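For reference, the structures are reproduced in the following blocks.
One chain, chain A, links the two complexes that follow: it is found with chain B in the first and with chain C in the second.
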Partner chain A sequence: MVTYILCLMLFCVGLYCVLRKRNLIKIIIGIGIMGYAVNLFIILAGYRAQSRAPIYANDQIVARMVDPLPQAMVMTSIVLELSVTLILIAIAIRIYEKYGTFDITKINKLKG
Partner chain B sequence: MIEIHLILLFMIAAAIVAVEARDLLSSVVAIGSVGIGLSLAFLILKAPDLAIMQLVVEIMSLVILVRATMRQDLPFSMSGRWVFNTFSTVLFMCVFLGAAYIALKNIPLGGGDFGIASGVYLREAIPATGAKNVVAAITSNYRLMDTLGEVAAIFTAVVGVMAIARRVGRPR
Partner chain C sequence: MADLIQYLIIVPLAAAFLIPLFAKKARWLCQVLAQAGVLIITALSFAIALYVKDGLTLIYNVGRWPVPTGISLVVDSLSAFMLVISNFVMLVIVLYSNSYIKKYSDTWKHYSLLMMVVSGVNGVLVTGDIFNLYVFLEIASIAVYALFAFGLRKESFEAAFKYAVMSTVASTFVLLGIAVLYSYVSTLNMAGIASALTAKEQSGSVIKFVTVLFLMGFGLKAALVPFHSWLPDAYSESPATVPAISSGILIKVLGVYTLGRILFNVFGMQPAVSHILLALAVMSMVLGGIMAFGQTNVRRLLGYSSISQIGYIFLALGVGTKLALVGGLFHILNHSISKSLLFLNVGLVEDHPDMAKKPVNAFTALAGAMSICGVPPTGGFWSKLIIIIACIEAGHIALAFIAVVVSIFTIAYYFRALTPVLFSQGKAAEARPGAKGMPFSMGFAVILLAVISVASGVVLMPNAANALLTGAVNILIGGTGYASAAMGALR
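After this line comes the complex of A and B, so read on.
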């Protein structure tokens, strides 16, 4: 149970960063931290005590393997996070070229 | 499970450093150490495929993030409704953690049984697909459409970055 709460505390650190920082790069970093925490939470939900990786070997039996389905899902999620980070960085660099700042309180000119 | 607690504490500390560091480059390095800690946690939680994948993706996203760290972080300022905003953020986090504590209080780590789909995958992986690694059997045989969608998403991201970062705009 403590493990789940620690994982959600990591999520809260990312959430604080997204909500309270003014720098665009810091906000992107916060989104990354939240993604890490969610991936770890899904893997924790599929973990089973005293079991081994879901790979067949000579002395391996099915009842002592961890759940393979969350691992397959999280593998997709990790790659999607990379592409989200890629697009966010591209948008941030473009905004910096246009406004000359990363401060989100100064990026307020809708015209042009 | 003391190892996973230690690694999670390390990850939380590195994340706090990444959030609060003044220099953006140190912040990016700290987020890299959070990712490496996550890779170690995957290894301890018996997910070796994910550990390898997380390591590779972490290095790639670190290289991309370094490109964007041109300047220092902004100076601290208390303009606007700083006190109210910070107080409401912390209050929301406390409510969230409290609700999570109530919801997860009776769920032990590592208990429970498989779902129906996981049991079928685990039992039939070798006779149906011939793959000894069940995760590889799922991603590249049972749920191949997921992997195809993943590739399509990466392609869309590359097209989007090229469209955003293009120098020449529409002629006026």
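After this line comes the complex of A and C, so read on.
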């Protein structure tokens, strides 16, 4: 139970970072933290007490193993997060070239 | 027939991969590849739609793995209806961009990203697996982040960053919802989830929590009102094809279709959820309409108008009777066609200022605006009328009244926007030096969309399109019967 609460706290830290920070790079880091928290949650959802990795071998009998599907999901979601982070950083670099700052309060050409 | 479903994803992905390979050698090949790819999948989706219109369900197991292990692609009437709309609109937009995109450098990137969006959208529409839905959602979204920044101006980067951050947070909420749902039912197949939830006697609080997460996530993609602020910004500074795609296809498929599919077919519609949908819908309709009044930029005005019209669609989903859903799905068709038409008109005027008062542009823009306002002969009139009648029938008199008032609002701000552009007596703007007349493909694209937006009322008469619309409504009305349909076709 404590693990789940810590996982939720990590998610909230990421969300706070996205909502409150003024720096584009810190916002991107916040998105990363949120993603890690969700990935951790998916792994936790597949955990079974007292069990081992879901790897079959010829001479072994695995009695209890963790759910392998969430681990496959996490692989996919890590790749997606990587590509999102890449494109966010690319846009942030171009914003820095145009505006000369990472401060979102100074990047305010669009209103209304 | 079921084996053909996979090509809806494979063909655009292959095109997206091949276009950069040929970009340096033969630029004309990029256009041909994109056009051919979209043409193939449009033809394919029309064929599939004709096949499934009588209530059949097509299933394809990816890699021949049976369902609890593998991923299945499921196409029923609802998916086919959305496939036809989105692929047809995309076909017209690619045709239009053949001439439009020439003013930008690196046009192949535009085509490649467009193909990526198409494969993401088609994937969302055909998948029967909820995590797979998330993956395709992200593919479409990531391509659109890049497309919104395509104008390479200060404002477009700002808008793209804003949309990228908000949309990524929304996707994270969706992923969290999927994780909670998986830990509860231990399956990712949507039909499997539906039958597992029906089997469990009481599934109250978990499903409520997941519903809220999905409403936040998909609601942002659909630009419902508390989550709408990215939309006008993103539309104001990008090539005109991108808001046309976003407004015509993405907010419907990534927002409305996904929410409709999950809330109706997987969870089964609860009265509390439909009340939330009604509240969000009314807020979107009213606030979108009011904000559109204050705009001086026509693209922002069209953006707020999109928010307002999305409100009508969600009003129909929230009322949830059979008549309301007919109106809602029909409004998706009308709004896709006419809003992309209006954005293509805007692109035309920005490129060729002397075109503003030419009859081709003026009348097509008028047709699109009339359809969105709901002026009688056009399709938009019928869909709004059906939604309002359905509201009254279901006893929501106040909602029907609000819908009528917002509709009058819509006419007012479209008049304000279009009158000075199209019908003022001032002298025509000077043509940009070196600009020739309107290219054929652009003219053809806007005329095609204008004809459809005026004549789309035909769908309400008995014919193949009507059968498809009715089939799609029956899928939504059938609720968790989706599970037995999708599972039944498997065995």
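Here is the rule we use: the second predicted complex is superposed on the first by the 103 of 112 C-alpha atoms of A that agree within 3 Å, B and C clash if a C-alpha of one lies under 4 Å from a C-alpha of the other, contacts with A are read in each partner's own complex, and residues count from 1 in each chain.
Here is the rule we use: a contact is a pair of C-beta atoms (placed from the backbone, for glycine too) under 8 Å apart; a residue touches a chain by one contact, two chains touch by 3 or more.
Keep in mind that what you see is a predicted model, and the values were worked out from it rather than measured.
Trainee: Give one of first, second, both or neither to describe whether A:S83 is in contact with chain B, with chain C, with both, or with none.
Mentor: A:S83 contacts both chain B and chain C.
Trainee: Could you say whether A:K109 touches chain B, chain C, both of them, or neither, answering first, second, both or neither?
Mentor: second
Trainee: See if chain A has more residues touched by chain B or by chain C, and give me that chain.
Mentor: Per-residue touch count on chain A favours B.
Trainee: Once the structures are superposed on A, label A:A92 by its partner contacts, choosing first (chain B), second (chain C), both or neither.
Mentor: After superposition on chain A, A:A92 lies in contact with both partners, chain B and chain C.
Trainee: Which residues would you name on chain A as touching chain B in one complex and chain C in the other?
Mentor: Residues 15, 67, 69, 73, 76, 80, 83-84, 87, 91-92, 94, which sit in both footprints.
Trainee: Help me check something: in the complex, which residues belonging to chain B touch chain A?
Mentor: 1, 4-5, 8-9, 11-12, 15-16, 18-19, 24, 27-28, 31, 34-35, 38, 41-42, 45-50, 53-54, 57, 60-61, 64-65, 67-71, 73-74, 80, 85-86, 89-90, 93, 96-97, 100-101, 104-105, 107-112, 114-115, 117-118, 121-123, 125-126, 132-135, 138-139, 143, 146-147, 149-150, 153-154, 156-158, 160-161, 164-165
Trainee: Taking the touch rule as given, give the residues of chain C at its contact with chain A in the complex, in rising order.
Mentor: Spelled out, the residues of chain C in touch with chain A are 131, 134-135, 138, 142, 145-146, 149, 152, 154-155, 157-162, 164-165, 168-169, 171-172, 175-176, 179-180, 182-183, 186, 188, 232-233, 236-237, 294-295, 300.
Trainee: Under the touch definition given earlier, write down the residues of chain A that touch chain C in their complex.
Mentor: 11, 15, 18, 24, 27, 31, 34-35, 38, 41-42, 45-46, 67, 69-70, 73, 76-77, 80, 83-84, 87-88, 91-92, 94-95, 98-99, 107-110, 112
Trainee: Across the complex, what residues on chain A touch chain B?
Mentor: Those residues of chain A that touch chain B are 1-10, 12-17, 19-23, 25-26, 28-30, 32-33, 36, 39-40, 43-44, 47-57, 62, 65-69, 71-76, 78-87, 89-94, 96, 102-103, 105.
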